[in-house]
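You will see two complexes here that share chain A, one where it goes with chain B and one where it goes with chain C.
This part shows the complex of A and B:
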């Protein structure tokens, strides 16, 4: 081995060492604040916690909490409604967000006004959103029923009917989170290479063909990432349901976060609530992996 | 009551303080000298809270002692109490506990018996013991006077029947004593959407539809357990009486009630009554003051009160939805003694009568026997005193919150029409039996209803 090669190998070793030294504190912090709580939750899901003489008595529960989940009516209803909620809410947000981003990107003057208006809902705190929409849906004086009243329909009690409650909450979520999709899509559309559009124009492509064959394929990675983010957040929905319907009537708007709240906090069943939480974390993680895989495939294709 | 100081001192503040000092000194003459350390009470924001706040202010004025109130929503109050009593040093001296969770505090060993803090303390002879729920025998795990005095009643809440007296007069109706009479009167007055014969609370919540259903269940002669007082937790919810009660509840809602019963919570039921759209409600007595409040009610002086109906041969059986005050074990001794002093004052007939005049529901028979109960404004007091004799303590075990959650879901689904009453009763019974068995109680269940 030459002197230069030895020096190079030594420098590489030193660089590796420094890299590890620099990364270790961050890694430890990550383990402490992110992984440890999840491991703690996972361990708790195999335990029972009872209180006696002012002290916690912990006993092993084995797999009993996980075994009880499939027969839990509330958890089943919550899981089903959450999936329905996530699919329809995210679809609505993606379509609306994309259409509005496309239209805004074509506005030559005053587009900042549209941007400001479209992103307003995302800036409003959840509790205010609850108050706004509780008023909007009010059967006696709500704006929505007044509009229906103009054409001789209603009044409808949107939040108190099993047939319309979930749809009503989905609409609120679309309104609340559409701006998130809008912002990402607008940034994506505005950064697309213009030469591709110029080429399409030269080839005589119509507006529709441009959208289907140029814009959408090039935007697909952004759409997938946005969809993945939104599905994960939609799966965690809590505040809108809590404020508008509290999971009812019946189980029509029960969502899984609300079920966890009920079991873990209200009923004080820490072990069982932890098992429910672990299952939800697993589902969300699985969706994230699937979305990333899909993005990788799409990215490679485009 | 006190509020937290902001900790900053400016020249203006010092000058202001100088100006206010003489005034404050003259004012302090009217107040008694504080003899106890300040205490903190954790409490929920309920319809009766305002009267409790005024009662506390009255106590502060009379004694000079300071009381801080930590006010929370229903579920939030429970969570704060759990966090405080499970810590090594408690934040709250007095816990205001609901009928759904005081057993959890007793059995968990989180409270100090009042008589352990002050062996000379005696419960006033006129104070209702509310199904003896103020006592707890830790060895036998039962609520009996043979146990220790663990808490002070704060609000003896039970439901009463609220009905429109003016409509009864116009239609020549008799005040209903039985469920048959109530149904007939509700049907007679039902004229939706202008007027609903009865408005019920069917929404799912922390203790919502289940609390509304108890007077029906027990008034039909049914019950959740076979013999709770003797620790026999065999589940009897799904017997014929349980079915009759639930079918009756649902029939009333469908045929003489509000179409949105399954989504109605307490606020909506009260709203229907005060806006003049309900002929009857079965509601916790704490809402009485709203009926005659001209700022909130369109039916001032039109609402009358009666004990909840029942079937022939069974007494009126309102479920206790009362609130008890317990003293935390994990707070310093001087704060425990100060908490006992508050209770000593609170239970006196004088304090109770004053409290009733502020809108509270008294815990002492002395207030119900006072001439004030003959006044038109306090017309609810006589039916209340009558009902308290038959009030039923629904739970005396710490896992009550699990059972309540099962009832809330099952009843709400049945009322919403998601499942039949039979399916609801059978599934609730199975789940309750499983909870009791899991926690080692003597339990069993009936064959499923067909």
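This part shows the complex of A and C:
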């Protein structure tokens, strides 16, 4: 009796030890490389850092970096373009992803082939997607202008004109991430309860009515959650802009991630770049909290 | 497995899907083909061309090209960071979900990973850069490996949480009663059961590390540059070598294409599950 009690106690102690030991790698990685950098950014945002002969010369900046942000044209353009970019890119991804998922779910044989093809862009490096579309949009030999040329239009320099540059980048992003929405929607549609469709069929519903009254309402929670998270993630856009337009012409494709990169690394203004990072992290966190709260409410309602 | 429509597909459905599939495939194939062209053939936009390997040879073996070393760097970073993530996420997920870690800790940890996962990586690149510079890890593969491991950890942790939760509690209890220690339990019971989930997580971590550009750009120099950084350099040159850019783009998507053909099931599973959480 006492020996098993002692054995139990030592086993419990050992399990407690293992519990913390196993959490250590995750805890260390997160603490050192996610929490610490953000604290570091926060501290840096109140400082001026100048590199002289490989040494950092640090002086206090107070709130001056934050005070300068609202009048920074690049940052303002970046925020504005990022919002326009996020809305239109995500809208395009959602509509195309949903239509293709709906159609693919109707294919009985060979749907795997379509799925394989549609997934491909997710797996290609963003920078390569930038390279692919830089060639596609090229005014001299790009495939897009060749096709416009067939009907006697163009050539247009899509990426160099401030009227079309942002739209061109949005199209690339839709091409890149539509597949992700497609996958989520396809999984959602395929897991919808079958009996509702049988009932609709019995009532003589057309496919259009089936879509409007059955599929769409049942898919709505998935669509909204996907939309919210895609919009937040759209703030990450960097690779394609870096390669396609570098924010130009002018500030027409300037997005916040790129502004931060320019201020922090190209111009070597670490303190100022850090303050920009802090603001963007705060905006993203705010959107995430709102999205989670909304999901909780819709989740409770359905 | 498609069970939604009993009516099956009509030709307009297949036609629309085929057009969409072409819209996805044509840009990729056109650029891959561009790698086999001569610069002149590409510039005059001729439709039929005689394929040649000059651009690939130039990219891979020319003295001025560092593509092979970039390729090696990418593989090292992707493989090591993936291994690191898998170890941390598997142990962490088991500990968080199966070993009575206090609820507040579990919630705040998972909440933090969720927030961290939505933050644009470039916002952190500056902080990583200054940190790594202080401890002498700037411009090293180690620094990039740690950064990539941290970036992929949230997704891996959620995925492994799902797979770990699927391990039947009864099995665990039975093993405990037989006196199995925690390491033995993990090795003999948990690991075999979560192996498919581990594979799905591994594939995604590898691909995302392989593809990552913004952080790699800021944390590496030419010696430690990964493939995406090298490709960006091609495109930024004053006189762009278009066919070499196309050839290097073609080479860089080889791992993705292989993974897509060999383990699509895992990719689909990982992507849909990771997003549901």
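One rule holds for everything that comes next: the second predicted complex is superposed on the first by the 264 of 302 C-alpha atoms of A that agree within 3 Å, B and C clash if a C-alpha of one lies under 4 Å from a C-alpha of the other, contacts with A are read in each partner's own complex, and residues count from 1 in each chain.
The working rule: a residue touches a chain if its C-beta (ideal position, glycine included) is under 8 Å from a C-beta of that chain, and two chains touch if they have at least 3 such contacts.
Values in this document were obtained by computation on a predicted structure and should not be read as measured data.
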item: Contacts of A:267 with chain B and chain C, given as first, second, both or neither; value: first
item: Superposition-derived comparison: chain B or chain C, residues of chain A touched; value: C
item: Partner chain in contact with A:52 - chain B first, chain C second, else both or neither; value: first
item: Partner chain in contact with A:277 - chain B first, chain C second, else both or neither; value: second
item: Touched partner set for A:175, first chain B, second chain C, both or neither; value: second
item: Which superposed partner A:247 touches (first chain B, second chain C, both, neither); value: first
item: Which of chain B and chain C A:76 touches, first, second, both or neither; value: neither
item: Touching partner for A:134 - first (chain B), second (chain C), both, neither; value: second
item: Touching both chain C and chain B, counted on chain A across the two superposed complexes; value: 265
item: In the complex, chain A residues that touch chain C; value: 14-15, 18-20, 22-23, 25-27, 29-30, 32-38, 40-41, 44, 49, 96, 99-100, 103-108, 111-128, 130-136, 138, 140-141, 143, 146, 175, 179-180, 183-184, 187, 189-190, 192, 194, 197, 201, 207, 226, 229, 232-233, 235-236, 238-239, 242-243, 256-258, 260-261, 264-265, 270, 273-274, 277, 280-281, 284-285, 287-288
item: Of all residues in chain A, those that touch chain B in their complex; value: 51-56, 73-74, 157, 159-162, 165, 245-252, 262-263, 265-269
item: Footprint of chain A on chain C - complex, ascending; value: 1-9, 13-14, 16-17, 20-21, 23-28, 30-31, 34, 42-45, 84, 87-89, 91-92, 94-96, 99-101, 109, 112-116, 118-131, 146-147, 149-150, 153, 157, 181-183, 207, 210-214, 217-218, 227-229, 231-232, 234-235, 242, 245-246, 249, 252-253, 256-257, 259-261, 264, 267-268, 271-272, 275-276
item: Residues of chain B defined as touching chain A within the complex; value: 75, 78-79, 82, 85-86, 104, 107-110, 202-206, 260, 262-265, 329-330, 398, 401-402, 405, 409, 412-413, 416-418, 427
